[in-house]
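Note that the chains take the letters A, B, C and D in the order they are written out, and that residue 1 is the start of every chain.
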Amino acid sequence: MTSVDDTLARWRADEARVRARRGEVGAVPPHELAGLSGLELFEAMFDGRLPAPPIGETLDFLAVHVEHGHAVFQGRPGHAHYNPLGTVHGGWFATLLDSAVACAVHSTLPAGKAYTTLELKTNIVRALTDRVPLVRAEGRVVHAGNQVATAEGRLFGPDGKLYAHASTTCLVFDARPPR
Amino acid sequence: MTSVDDTLARWRADEARVRARRGEVGAVPPHELAGLSGLELFEAMFDGRLPAPPIGETLDFLAVHVEHGHAVFQGRPGHAHYNPLGTVHGGWFATLLDSAVACAVHSTLPAGKAYTTLELKTNIVRALTDRVPLVRAEGRVVHAGNQVATAEGRLFGPDGKLYAHASTTCLVFDARPPR
Amino acid sequence: MTSVDDTLARWRADEARVRARRGEVGAVPPHELAGLSGLELFEAMFDGRLPAPPIGETLDFLAVHVEHGHAVFQGRPGHAHYNPLGTVHGGWFATLLDSAVACAVHSTLPAGKAYTTLELKTNIVRALTDRVPLVRAEGRVVHAGNQVATAEGRLFGPDGKLYAHASTTCLVFDARPPR
Amino acid sequence: MTSVDDTLARWRADEARVRARRGEVGAVPPHELAGLSGLELFEAMFDGRLPAPPIGETLDFLAVHVEHGHAVFQGRPGHAHYNPLGTVHGGWFATLLDSAVACAVHSTLPAGKAYTTLELKTNIVRALTDRVPLVRAEGRVVHAGNQVATAEGRLFGPDGKLYAHASTTCLVFDARPPR
């Protein structure tokens, strides 16, 4: 087996393991969100105690690994993501990268803190088609401040080829404002 | 009827008219692409002579108007686009805005010229849920050069409220390299 | 006189008028800053009651007009701004555009509110040399929120030619935290 | 000596060594540019055979190290770079980062190839004053293609504190078009 095949086999196994444990697709009840740190939220999703987000179902991607300041998403480029030019739409790259960089930020937040994405810049460096069976978007926090956090991400194939990269700015705020 | 209702009624009528005329969803054969100017391609899609792009079907949005240097897309924010936080995923904003700014650029290209998106920055200024029935993403070319074009876009609701804006850089090149 | 000459003559007159009234170059005392709205600060600078910022002196540009949500800066491209390639360095474009978009945001803030720039994206669409006698950078607010504001800007010559454009995200906060 | 003092001493020594060898400040004759690879150009500047760029003199920064795909600039934050708020203007951050990422790209180009910066996004994560004696901007190529290259950069102090980061898109083209 070549190294690319090894990687692909590992990625498929990661996805199967995540899918086997996780729960329904749906919305997280807001009161549950506020009581959890970012990492606790992702753990609850991985454990099937909280639902997986609908956008992942719609666009065929999912989180496969989250730790403090670092998040990895995996997606399957498909026909359903094509633009009129016969390649994967830039919005699909942006969606996976946005997920990766935003969750990298979220993973650093304690319970009681929330965030929102202010901006995302995506650089697309190579066209993508369904001949690439799987891709990964990996996000890493660059700056984690009290009010603002930034992160960068890369989207690459099982052979390590880079398809896109991104950077984001997130606003961090108190999830439960004082009454 | 309030002005917002007027706008919404007009947007729904625009969508119905576009859907009534257009063809199947699918890929445009590459040899057809090369022979058409950007505007001719969009006209062929609006007329049903060429298929509509799959990504629009997957994410519930479509082009409703394209003219030279200007493109308007319309989408229905839905549950299927939600992130874990219970709002529309940033990637959905990016997808509509990318379509709008890229097609604004494409609409300026003569037959024999092609483009690819190099980068897109999306600013998200307000959360979006399915309580907003429809949104529009409008793109306008800022600079149309021989090798590079840039464009800006806005995503807003029927009441004129802004949800996001974006800017893009596209590479312009010869569609048919000399042999 | 051609229209370009007209514009240039007007731009030079604007600059002369601003320079005639304004004060020394230096730093605004922090306690003065906190008590002024954005527009009051710019008026105090235009009136010579507060000093002009050092960066303008260093890079040969200045504010020529500020109103609510809109700011205009003017600069003289010169040899001192050149990169090794013999054109104006991208950083000079970024400095003028940053000033224009940030001051457009600042101009919307009441006394007691402050802002900081989180990010700026500059698109450069045309090289600039000292053969262009003057350029203007014009900034306009796109979104003015309680915590976040965004703005866009254009840098153009007296003939209307576009050299660069930009968009920014600013964080808005209370200038005087409660003690 | 603390580690910060060590770093600062090393940075000062690097600057002294570069200043001792380099030549006048001025423009590189265009015909010289075309015959050199990116790395040859930087070596000629470091050796004093070609002039140093004017912008560095104007804004008190210089290249201290360039290798394939990697460039390091060093600057001294000063009063001359201040905005009205009493901190270093965002344009100074952008100038150093633009230099770092653009030269990282340039360093990968063979003779006969040229580049131009299409866009730069700068994230500012911390205010900077002249209490920080020196900062470095480090740029690294992310994607080096035939027509397009991208790079990322960081600006940090001698204690490793991050002040800003950036990403850029550059267009790569033939320096001498066929006649």
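In this section, a residue touches a chain if its C-beta (ideal position, glycine included) is under 8 Å from a C-beta of that chain, and two chains touch if they have at least 3 such contacts.
All values reported here derive from a predicted model rather than from experimental measurement.
Note on subunit A versus subunit D: their Cα superposition corresponds to a rotation of 180 degrees, in steps of 5. The chain pair with the larger count of C-beta pairs in contact, out of B-D and B-C, is B-C. Centre to centre, using the average C-alpha position, subunit B and subunit C are separated by 33 Å. Subunit D has its Cα centroid 24 Å from the Cα centroid of subunit C.
Spacing of subunit B relative to subunit D, judged by their CA centroids, is 37 angstrom. Touching of two or more other chains is recorded for residues 118-119, 121, 123, 148, 169 of subunit C.
The touching residues of subunit A, when paired with subunit B in their complex, are 27-28, 30, 33, 41, 45, 50, 52-55, 57-59, 79-86, 89-92, 94-96, 98-99, 102, 114, 116-124, 127.
Within the complex formed with subunit A, the subunit C residues making contact are 118-119, 121, 147-148, 169, 171, 173.
Residues 121, 123, 125-126, 142-143, 145, 148, 150, 152, 162, 165, 167, 169 of subunit A touch subunit D in their complex.
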